[in-house]
Amino acid sequence: MSQLLWNGLFVGSFYALVALGYSMVYGIIKLLNFAHGDIYMLGAFAGFGLLTMAGAMATSASFLALFVVLLVAMLATGTSGLILERVAYRPLRGAPRLSVLITAVGASFALEYGMRLVAGPNPQVYPIRLEGTTVHVLGARVTLQQLALVAIAILLMIGLQWLIMGTGTGRAMRAISQDPKASLYMGINVNSVIARTFFIGSALAGAAGVMAGAYYGKIDFLMGFLIGLKAFTAAVIGGIGNIKGAMLGGLVLGMLETFGTAWLGGEWRDVFAFGFLILFLTLRPTGLLGERVTERV
Amino acid sequence: MAGAVSVSPGGAPSTPPDGGPRPLLDVQDLHLDFGGIKAVDGLSFSAYDGDILSVIGPNGAGKTSAFNCITGFYKPTGGTVLIDGEDITGARPSAIAGRGVSRTFQNLRLFGELTVLDNVRAGMHLRIKQSALDALLHTPRFRRSEREATEEANRWLDFVGLRGDRGGPARNLPYGEQRRVEIARALARGPKLLLLDEPAAGLNHSEKMELLDLLRRISALGVALVLIEHDMGLVMQVSQRIVVLNFGKQIADGTPEEVRRDPAVLEAYLGKDEDEPQAGDTEVPHE
Amino acid sequence: MFWNRKKAPTTAGTARAGVLNRLLGDRRLGWIGFAVALLAPFVSATNYSLSVMTSAALFVMLAVGLNIVVGYCGLLDLGYAAFFAIGAYASGILATTYGWSLLATVPVVLVAAVLAGIIIGGPTLRLRSDYLAIVTLGFGEIIRITANNLDVTGGPSGIYGIPGLDLFGLDLSDPVAFYYAVVVIVALAVVGAARLGRSRMGRAWRFIREDEDAAEAMGIHTYKLKLAAYIAGAVWGGLAGILFGAQLTAISPQSFTFLWSALILMAVVLGGMGSTPGVVLGAIFVSLLPELLRDAADYRFFVFGVLLIVVMIFRPQGLWPSTASERAPDRRPDPAEKEEAWQAQ
Amino acid sequence: MSEPASGVALEIEDLDVFYGRVHALRGLSIRVREGEIVALLGNNGAGKTTTLASVSGVVPAQSGRIVAFGEDVTKAKPWDIVGRGVIHVPEGRRIFSRLTIHENLQLGGYLVKDEKVVDQRIAEVYDILPRLAERRGQQGGTLSGGEQQMLAVGRALVAGPRLLMLDEPSMGLAPLIVTQIMELVERINRSGTSVLLVEQNARAALRISHRAYVVESGQITLEGPASELAADHRVIDAYLGA
Amino acid sequence: MTPMTGRPRRRSATFASVFAASLVLTGCGGGLLSGDDEAAGSDEPIALGMITPLSGSSAAIGPYMQNGAQLAVDEINADGGIDGRELELVIEDGACDPRTATAAANKLVTEGVEISVGGYCSGATLPTLPIFNKAGVPMIIPAANSTELVDQGLENVFLINGTGTQQAQAAVEFMEKQGATRVAIVDDNTSYSTDIAEQTAELLEGGEGPELVLQESVTAGESDYSANVNAVVQANPDFVYWTGYYQEGGLIIRQLRQAGYTGPIMVADGSVDQQLVEIAGAENAAGVFATMTQTPDTIPGAEDWIASYTEKFGADPGPYSTQAYDAVRVAAEALREAGSTETDEVIAALEAIDGFELFSGPLQFTEDHTLSSGGFLILSVQDGEFQLEDPLE
């Protein structure tokens, strides 16, 4: 039981990291950024490229090297998020939402198969590994590396929460998410704040990508697709557009999957998770923390 | 042009079977709570065929909430709403619309991307007789019903005096014209009771005068009118009765003259200094 | 009077929209499209071109069906392939395991599609559009995974040996005959969807799309009508599923992945939501493009993705958007007369 | 090209604005001197809001010139314009309903670098509008319409306006509240802020303005001191009623 | 379907012009009205078609198969081809998607391929069977090995990969040898993988030997399988058999070891790839068994083959490189024997093959066109590489 909980928590924190970016972007411009999962993939490959270049040096001081790589990869994915926003989404600001959604699907294809052209279709194996010392916590097998990754994820999330709720930029983000035009009258450079949002969300996804690469060891050009879907689901469970909701949603989804597997077997896991999601949304249509908007008629 | 009006269907008021003074709309002790906030707190009033009744009160007094309760968009937490003696409290908006209640919205709620004619045909939804099969096979019945709907929509647009393009998207019309389309759409429903939420908002003086005329002509069709309105000139001019709300509570109910002199109303709404003309007044000459 | 009572014109580009609309709204266009489809085999009738064209026609049917849900009614559906799957599996199982002819499976598929529409639509149509998107996505996945896990659906390898189409003893399994059968059926489906769209129900769908509350206030039972749109979409998808099985002779869960739902949605949006010619065009585009890019091999999906972005940037309303406009009403009083109408009484 | 701009808060010269093909402003010229309240009257769709939006840099000008406090801002970005102290309170209030009242006010000071200044200005707003202070932690959406309008004005004050542009502050408000809003505007003006007031409610606007313009179909058709316009029969017929 | 509502003359004019235009076009293409222009000159190259995934989730496999086949084609052409005619390999993307694969098959048929040497995903290969069958194209399927492929009894379909049944038999035989008592089987929900898993499970349940304690499925394409792994560990097996591909296989081995499972792990042929070891990590992969047909690594003297492959393509051979290579060779052999490209004769020649040496051993087709002996043997990971463990003879 505690093993299941821990597994769920661990997987969930990855989902949550990716879901955050999803939710942020959705919150601010109401775009379901389907390419977000591919930014995660990009992060994994960026980390892979860096580590391969660094070669022997990296393997010798692996954890420190990984940390540097993590930061650089976050910078790289953040920048690619910026570019994506500038090239594919900004020209469509004000266009019908579904058109932008299609652009996002297009961007997803372009990123996936662009990476395939660069890195080939084969999976790549990460040059360094986070091999772990196992400790037992309340009957669950936990490796120190897992703990470290969860800690990094939590730190990133807390940092984000602070950024959104406690800084001027965060306030501006929330303002734009409600009324971009009124935000202009506040003197907010809306485009630049949206770009910053993409940067942050993409950087978080990139961090998750590097962490996944280093922990699981295998990366490939399609690795972002499924986790993108999962993150989307997590964001919705938590109440899309809500930062805390995205974290919570990620954890809930992680738990759902773990327990679904334990109870029904792996082949029915997604049926269980999605079935739960549908039932849940029927009963609570705005997600866990989504705000109930009293619609003014 | 009056001819176009008289042939408009659905406007004919239904008289109660016993001919007695049963109200068309009867709101009894209506309550609505929003998480502890009492948006409507014990509202009671009634409206009869051909009545023009205004609901006034400060912003946030619960006027629109009351409208939403009557038309089914909110479920009242207490009280009853009777239409023609039938309890419709808490029914679906569409079901209430089916009982002959029609409304407009505070902020224009036209189907902006659709044509003006389509907007008006929306009002006729319940009266257009055709099935999906008719549509698939383009039966004569389908074509006839479509033709008739278009003709009637045009009649209603004439009735409200729409000048703009009817075949183009509604959002392309100027604001005042859009207001007219919204009223035409509500009328096309063929209502016994029409609720108008701030119909004069955003209209200039001359447009308000036209609106005044339109309201009277609607009333002449035998439709009971209930308005929410801030423009006191218009309200005083057109209403037979006025209900005043403040903080969800009914603080006055009477003729314009009675309400004008009511101290509670002056206190809460109109403001005390009477020598100065009221801001927002259209200053329609009285009587 | 020195001030002008007439409003400054705010009708942006109506003239252009009018011309376009007259051109596009013309029914002749449909006939031309149909004729092109009928004549295409005279240009190229290789197995390959027939198979690609048949697939494209089927894709048109799917897109037109989804257009009812997304384009007309404004309900975002990311799991449309589920209905397609239900149709394909229902007819496939009956045809292979129980030896029914495909024609005989039609009523069953209809019932199954309607049921599926109700089951998924019923509890979830009250949700806001983004939540609806994830629910439909989830539903699509549930259907696919279930098909993958069950024995009756043949598990991961699916069902094979589905017989060709056979209409009252007339064998239509030859690629050319099948192509023509599909074209005729799809044409009927397109016309049917377009007619529904122009009817009272179609208008009501659009009202819901534009403003649900206002529609409800007009007496439109928005929930029932949304469900109707869902069911109509499911029926179109289900019927397309039968033809899909007949074309491929084998179906497997691989055919009903999320990617498929996304591609169908893409066809609708790319073409122009709510616009029949647009959606048909979009479907042909999305269906043929990967085939046309086949020789680009590795670059295929990369180019596809980039093209999608480019097209959307330059035509965000779709290649062939629907325009709200109808012919000027036959009887329109002249302005002077209307002015009088105002003065009257 | 024109006389020295000292003492002029806003100078709009011959402004042309298009929305797509619609010619919304046709050579419109307006001047607001420092310390003035200038009213801009006109029907819906006459171009009043467009005028404000082009001053704010939200709608681009096709031709013409906008000068704020002596500097050409025709091509400036919205945030530059806010940075110059030209603050726009948009039509329909547009407060951030899911942010708290305090956060709304903080956003007003988004471009003010010094947080102390922001806090001080917010404190001043709370002094003038104690209702807001009472409810500072509540979401903006819980305020009534009049309070929301007050918040919108208060939010603009935090930006430190030299020129305040108000778009239909009386819209949809009860007569009593309209009076209060107008009083607030006068009070702000007395403290030295120039005001450009767009109003449908001509009577209320003319009462507090120094000068006024009438806009019709994107052009100025009348201008003059408020008292003169209030007596002009054309204005009375069109906007004030007999 | 639209009622004729006016301007019929214009419409028929449109019709006529479109019709005329199409007739003009007909002249230059393979339209319905054009004649059968199959001009198969005797010195034209013989086209071999191959459908393999180049996009989609199994895109990694495509190049392995393509390269293996190309190697064989080049070798045969270097030897003078078949009766003076060169072989030509035509590759089409099947994407593991039935619709794409169907279009690809139709394209190959249209391009006039004589023999198909492709087929990787069983699900996507199934719908291509009738297309090739109708066109009279014999199929030598190198990778797809679901028994359903031959269940339809189509005379043009041959499998040169061992079937799931054969692999399952080998697996169970080795489990018994190892003295396993409690077996857990993990598959990845694809048709290839579940086929082996189902067959193995059937043998275990029907047999006297080890007991089946768990059959678990994972979703391909993910990274974290801890939930599945946890389920496996909970079932307390003393032997785990993974029947999916190496991408997930590597992760699962690693995660099993991390979860504290120390017993033997065996993988099926789809996982026999050097990358399995890399993904799992050498220490985790050490000692992992595999059911596999013979590979260059296990055949003495096959180093040359690997060397020439690596030299030619700049990459190591991967899964199904050998099978694709063999498929081309079998096709060439049949063509040579038949002395023609006529369908019936080629099929007869294929059926008559006896003892043609493949990587998996001497070839002879059974009645239902599968390998007479699966040729499965057991490999194990030693020093980070797959080595022959037990030839199972």
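First chain written, first letter: the chains are A, B, C, D and E, and each begins at residue 1.
The working rule: contacts are C-beta pairs under 8 Å (C-beta built on N, C-alpha and C of every residue); 3 or more make two chains touch, one makes a residue touch a chain.
Here the structure is a predicted model, which is why all the values come from computation and not from measurement.
Most remote chain with respect to chain A, judged by CA-atom centres, is B. Interface comparison, A-C against A-D: more C-beta pairs in contact at A-C. Chain centres computed from CA atoms place D at the largest separation from chain C. With centres taken as mean C-alpha coordinates, the chain found closest to the middle of all protein C-alpha atoms is C. Inter-chain centre distance (chain B to chain C, centres taken as mean C-alpha positions): 38 Å. Chain geometry summary: the mean Cα position of chain B and that of chain E are 71 Å apart.
Computed centre separation for the pair chain A/chain E is 35 angstrom, with centres defined by C-alpha atoms.
Residue positions of chain B touching 2 or more other chains: 73, 105-106, 138, 174-176, 206.
The set of chain A residues touching two or more other chains comprises 113, 116, 267, 270, 297.
Residue positions of chain C touching 2 or more other chains, listed in rising order: 7-8, 10-12, 148-149, 213, 298, 300-301. Residues 56, 58, 77-79, 81-83, 87-90, 94-99, 103, 106-108, 110-111, 155, 159 of chain D touch chain A in their complex.
For chain A in complex with chain D, the residues that touch the partner chain are 168, 171-172, 174-175, 178-179, 181-189, 291.
Chain A contributes residues 3-4, 7-8, 10-11, 14, 113, 116, 121-123, 125, 129, 131-132, 134, 141, 143, 212, 216-218, 220, 222-223, 225-227, 257-258, 260-262, 265-267, 269-270 to its touches with chain E in the complex. Those residues of chain C that touch chain A in the complex are listed here as 70, 76, 120, 123-124, 126-128, 130-131, 133-135, 137-139, 141-142, 145-146, 148-149, 213, 258, 262, 265-266, 269-270, 273, 298-302, 304-309, 312-313, 316-318.
If you check the complex, the residues on chain B that touch chain D are 57-60, 106, 174-176, 198, 201-207, 230, 232-233, 268-271, 277-285.
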